[in-house]
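Note that the chains are named A, B, C and D in the order they appear, and that numbering of residues resets to 1 at the start of each chain.
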Amino acid sequence: MTERIAALTAPDALAAEQPAGRSTGWWGMVMLITTEATFFAALLGSYFYLRFQHGGDWPPGGIEAPKLVKPLIMTAVLVPSSVPLLWAERGIRKGRRWRLRVGLVATLLMGLTFLILQGTEYDEKLHHFTFTTNVYGSLFYFITGFHGFHVLVGMLMTSWLLAASAQGSFGSRHHEQVSVAALYWHFVDIVWVAILFTIYLSPRL
Amino acid sequence: MTVLAHGADTRAESLTTMALLVGVGLLAGAYGRGVHELWRRRGAGVVIPGWRVVAFGLGLLVPLIAVTGPVHELAEASLTGHMSQHMLLLVVAGPLLGAGAPGLPLALAAPAALRRCWARARVGPTGRLLRRAGVLAVCCGLAQAVSLWLWHLPGPYTRAERDPWIHAVEHACFLATAAAFWAAILGSRRHRLPAPLAVLMLFASMLPASALGAVFTLAPQPIYPDATDLVDQQRAGLLMWVPMDVLILGAALALFLRWFAPSGPSTPADPPATCRLESQSPEPAVLPEGAQ
Amino acid sequence: MDPVPASPARRIFARVGRPLRGTALPVVLLALAACSPHSPSALDPGGAGASRVAGLWWLMFWISVVVFVEVMAFLTWALVFRRRARSARRGDPTRFVVVAGAVLPAFVLVAVYGVGLRDLAALGHGPDKAAVTVDAIGHKWWWEVRYAGSPGATANEIHIPVGEKVRIRLRTADVLHSFWVPQLMPKTDLIAGELRETWLRADRRGEYRGQCAEYCGLQHAHMAFLVVAQPRADFDAWYARLGAAAPAPQTDDQRRGQEAFLQAACSSCHTVRGTPATGLVGPDLSDVGARWSLGAGALPNDGGHLGGWIANSQTSKPGNAMPPQPVPADRLPDLIAYLRSLR
Amino acid sequence: MSATAAHPLEGAPPEAMRQLEEHWGEEKTFRTFFTTVDHKRIGRRYLVTAGLFFGFAGVSAMVMRTQLAGPEAGIVSPQEYNQLFTMHGTAMIFLFSTPMLFGFGNFLVPLMVGARDMAFPRLNAFGYWVFLFAGLFMWASVPAGAAPNGGWFAYVPLTEEQNTPGLHMDVYTLGLLFLGISTTAGSINFIVTALKLRAPGMSLNRVPIFVWAIVATSFMVIFALPALNLDNAMLFLDRRFGTHFFDPGNGGNVLLWQHLFWIFGHPDVYIIVMPALGIVSAVLPVFCRRAIVGYPLIVLAIVAIAIISFGVWVHHMFATGLPQLSLSFFSAASTIITIPSGIQMFAWLATMALGRIVVRVPFLYVVGFIVTFVIGGLTGVMFAMTAFDQQVTDSYFIVAHFHYVLFGGAVFPILAAIHHWLPKMTGRMFNERLGRWSFWLILIGMNGTFFPMHLSGLFGMPRRVYTYPGGLGWTGWNLVATLGAYVLAVGLLLVVANVGWTLRRGRPAGDNPWGGDSLEWATASPPRPYNFAVLPRVWTVHPVWDDRTIDSIGPGAAADRILADGRKTIFTSELDGRYERVVEMPEESLKPLLVGVALLVLFGCLLFGRYWAAVAALAVVAGILFRWLWPPRRTPEEAGAVSR
């Protein structure tokens, strides 16, 4: 009997020094991303729904199909911005703080460039149509604007990481927040590809 | 539906059919060689069990059925027929090929140079990232959704209608993405998602497909310029919607049950007459007369 | 006043629950319904669409009774015999759960689904070539009714010939509404920006109450209408009147009333055919004297209520689009007399 | 085997107990009231707040019922009536059912899985504050006369600016967006808690069904809520900034609203009912004194419902004139979804038929649940037949259906849960006799209220009418319904009275008054702030009925499951619950409340059109979050830096 009790009350942790498994933070971020991705999916789904319910010309009301050059440049800025982040993350895993900082700054700059380009794009577009022109205008500005807001949030997170890394919080043993925030940034990138496809390419298809 | 396109170049069509035959033959050969190699080294049916081989074989037959003979005729005749062709590729051939766990055998059968490249890519950082079951499944799911949507937009769709080669590429896209996606769900254990995640993944992949079906079914006008039959379009939409949903629901539940049931609930051997942790006085102070 | 013969007797006991006549429950239910002979009861169908649905209902009703009784029997059995049983029994009767909870229901459901599909198809089977086509246009909160091929219009009242499938085209002028005549036909919503269609076929003559069934704001409660099913000849006569000009005033007070009508704000919102009043905001009044109610079911249509309505309709139907009319008290009776003469 | 062999609190040595008390205990001061992150306190708050909103919504219903007692009544004006039923529905769905069940989840999930708190305790506190503020935000509009008035599903174009000017619908859109933050946060928290914080040995196939239900519900929230949020965001933009998403005149489409709403709305009704069914599966075995029948089948049914429920939304739009083909598809899907419910129903019945039934108030409510839910479910199946649905949709028959499933399917289990876990929450036993009185009054009142609605609906009475003419065969039934509602209200007030009685006079209940099977019964009543002195080890689905688990928390347990040297709990692996590592849990904090307040200001500014102030509030939110998540300063060695 005592043996049995001893077995049942024995330790479970068998010298598990290294943190094993996913952290709650990782799961939390994955769930947040899932729900946000669903939001974007519903948004882009609404775009197609409205388009096919509308029938006829798309974009309607004499608005011309969006030009591709600028959005492609924006893509070329935003999507690769994940790379420095990946590099930074890999660096901090090995304890290389400089890589973290450099990577974060690069990502931040690329994100900023993207937003500036988006600003100039709006500047041009607003001469032709606004979000009150018709449903296409509403969709265009809502979708791209909402994504732009996400880029902004992503940049805030990145700046937060940068600030925290300046304080010296991260290293090979503590880098969870970096990976978690990076997940969000990658997500924002991928969503952009979907938006590029929906807003810019699909009217030509 | 489009008389114009297919009457014009039957030549291109027979060429694509030949290409298909060659492709299927090559795949079958390569897979067979890989499996042969594996079985020779590790014993028959060990790494790749027999049923997977059968599944793969059947999966290769499906595209042949889908793009020739009566199905082909149907596809020419109506949108509904065309969608049934797509569904054959996406929901029949895809899972079958995926269940064949083709990754390893095909890699084995590849020429040495290619294999070396492959091996190098596998161990690199990106390769390692991509080889994670979760990442792989998400990517394949995305690819499937994108190709599904892309090829059903009016532009690509009509172009595929007109040009047999583009049509062939379309079908190849469907086949490849579906097979890859299902390989992550049904494939070999090492590259497969754990069942609960697979259920989630399946569910998530169902959403864009259903959305496309919904767009077709609910659109008040014809989506494609040269299709005018609304009922046909609705039927096509439902065809895209229902079989996919049913398949995914069935697969999800089957996976879940298979994972969940055998280990079963370990009920205590004897539901205790009284529980050891029961409080001293389970009888409430006041009980109405005759309430028991 | 009534353009059709007196309200028909509802042959409640004879009609409803036909598939299962002789069983007690539907009779009881209907006896309860029969508190009022005017109930627009879906279980007392007067036409093709609704009687199909009533049949479906009784089928499902009895299946439900069986399922419910089955579950209750189980429950009662357990409560009676397993209470204070000496001990719980072992085992995990999975097969029982699957059979009773999934397999048997699946059979029942497939069968019901089949019947349901058949009925759905039947409802969808509108007239191929309708002799009569009605446009019902929903407004907040009344129904504009027009007939294809007739310049006339009426409101909150649809006349149809008995025994014929009548095509109804539905549009809305503002928000969503829903066209529902429980005794004749299930609902069809009126969707802003789109055209919808349904049909009606009454198999016995009579008046069938209909009501807007989609919440449409303040006075959704008062958006009723009446379907009047009459023999073809009566219908034709009515239809002919619809296209013609409104009757001219006959008496002096009616004439004074018309004058008042045309001078006051009335004519800027309402039409009376054959007069300079061509307003389009409110209902066409050319046959207002003959209609079953005022304000789409808000008030009975008689002189007193009409006067009240004109003076201030906001008390009886708050929020409707008609502002209170400052008609001098001495002119009001004339106005009423004129309007009552429009039939 | 002595009944006192292992008192759950005796497993850890006294020194460890003292330490635990020191690290986890919090004085009940004014400050800790606002800073607490204890899931049990937060859970209780959810329950009380949701109960309060239930009271408000219930009172609205009583006013409505009074108005409808006879024809042409003038108790309330049409404006008031329309606000009342909209707030009644909205509050019952969004501010009562889900938060109430999330409250039970909050209290129970960590206990049931054997953890010391939720995965994100501060997020949990934040979720509560947001729920509270969003609820107050919406209810405050009632005395202001600006309550939402477009019905709980707020169909456009009625709810567009030109048809409903004023703040009414802005309160609705903003309130639901605000509330959505809380619901999403709560769901993520449940999922992660159930994935990472389970006691060692609790593999997924040993997770209590209630936890399964909460997790499946949370996943449904994750996938369904975005559709509602998108809908509300677009409506807000349409109303305030002149966009045209729902404006057919400018290319918009009014049915888009309905599709998005019901893509959320249908899963939502299962979001409401699923945890409630979980409660049934938790309560039933205890009073049947045996394991639940068909555990894997029930879990499978939960998963199946969660999936299928995303494919049936159009059954709420059967009358909108969509293509018949698609209707028949949705009709089939709606038919199929009854099958998992049938499986659960018969699993419960089989459990009862094999059990040794002990009748107590919680069990009575379960019986009440079965009776009413079956009726509601059966009418649900009737609607799945499109032709029939087109006849009764938007009539009182629908009102009857959804009250049977909502009251029968959610409120009865909630009442069962209140009685079942009240002893655990308060340490005191309720009054059984009072409990039985309230049960019978509620059962009779509920059926008296809602059964007649089937009839008035069939007899042609549309819903959402503030009054109706006499002489149409509706009057009598409405009177019966009103009388029933009063009986029901008395019964519910007795429940409230019983809870009050319990708090003041209740007999001490003991740790496990019912001889329950899940881990919450293996600790004190009410539980200590750290829940378990020794985190248990699990071998079965019914751990407390298993000697091994009891022994594992008995004297002599290894320190790695006591973890007295800080606020600590254990991470286990997601699927099979293997011990992974010890983690530090956060302390109480005021920041969740501050973010909540800042968000309240944000939404208030949006409501009143102060957009720049709203941006400022957003900046404040970001600023507080910045601090909230700020990592501790570490030396390079601690952090593990190898280079600058």
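A few comments on the model shown:
Quick note on the criterion: a contact is a pair of C-beta atoms (placed from the backbone, for glycine too) under 8 Å apart; a residue touches a chain by one contact, two chains touch by 3 or more.
Model, not experiment: these values are computed from the prediction.
Centrality by Cα centroid goes to chain D.
Most remote from chain C, judged by the distance between CA-atom centroids, is A.
Rounded to whole angstrom units, the spacing between the C-alpha centres of chain A and chain C is 53.
Note: centroid distance chain B to chain D, computed from Cα atoms, is 35 Å. Chain C and chain D have Cα centroids separated by 38 Å.
Per-chain Cα centroids separate chain A from chain B by 27 Å.
Multi-chain contact residues of chain A (touching two or more other chains) are listed as 34, 38, 41, 49, 53.
Residue positions of chain C touching 2 or more other chains, listed in rising order: 83-84, 87-88, 90, 92, 194.
In chain B, 207, 214, 218, 220, 267, 271, 273, 292 are the positions where the chain touches two or more neighbouring chains simultaneously. Those residues of chain D lying in contact with chain C across their complex are 77-79, 82, 150-151, 155, 157-158, 163-164, 248-249, 253-255, 288-291, 293-294, 297, 319-321, 324, 327-328, 331-332, 335-336, 338-339, 342-347, 349-350, 352-359, 367, 370-371, 374-375, 378-379, 381-382, 384-388, 390-395, 455, 458-460, 462-469, 471-476. Residues of chain B that touch chain A in their complex: 125, 142, 146, 149-150, 153-156, 204, 207-208, 211, 214-215, 218-221, 223. Only residues 119-120, 123, 184, 187-189, 191-192, 195-197, 200, 221-223, 225-227, 229-230, 234, 237, 241-245, 247, 250-253, 255-256, 259-260, 263, 537, 548, 551-552, 554-561, 570-571, 573-574, 579-583, 622, 626, 629-636, 638-644 of chain D touch chain A when the two sit together in their complex.
The touching residues of chain C, counted against chain D in their complex, run 29, 32-36, 38-43, 50, 52-53, 56-57, 60, 64, 67-68, 71-72, 74-75, 77-79, 82-94, 96-98, 100-102, 105-106, 109, 112-113, 115-117, 119-124, 140, 174-176, 178, 180, 182-183, 186-189, 191-194, 196-197, 209, 211-221, 297, 318-319.
Residue ranges of chain A in contact with chain D, taken from their complex: 4-6, 8-14, 16, 19-24, 27-28, 31-32, 34-36, 38-39, 41-43, 46, 49-50, 53-54, 60-61, 94-98, 131-139, 142, 156, 160, 164, 167-174, 177.
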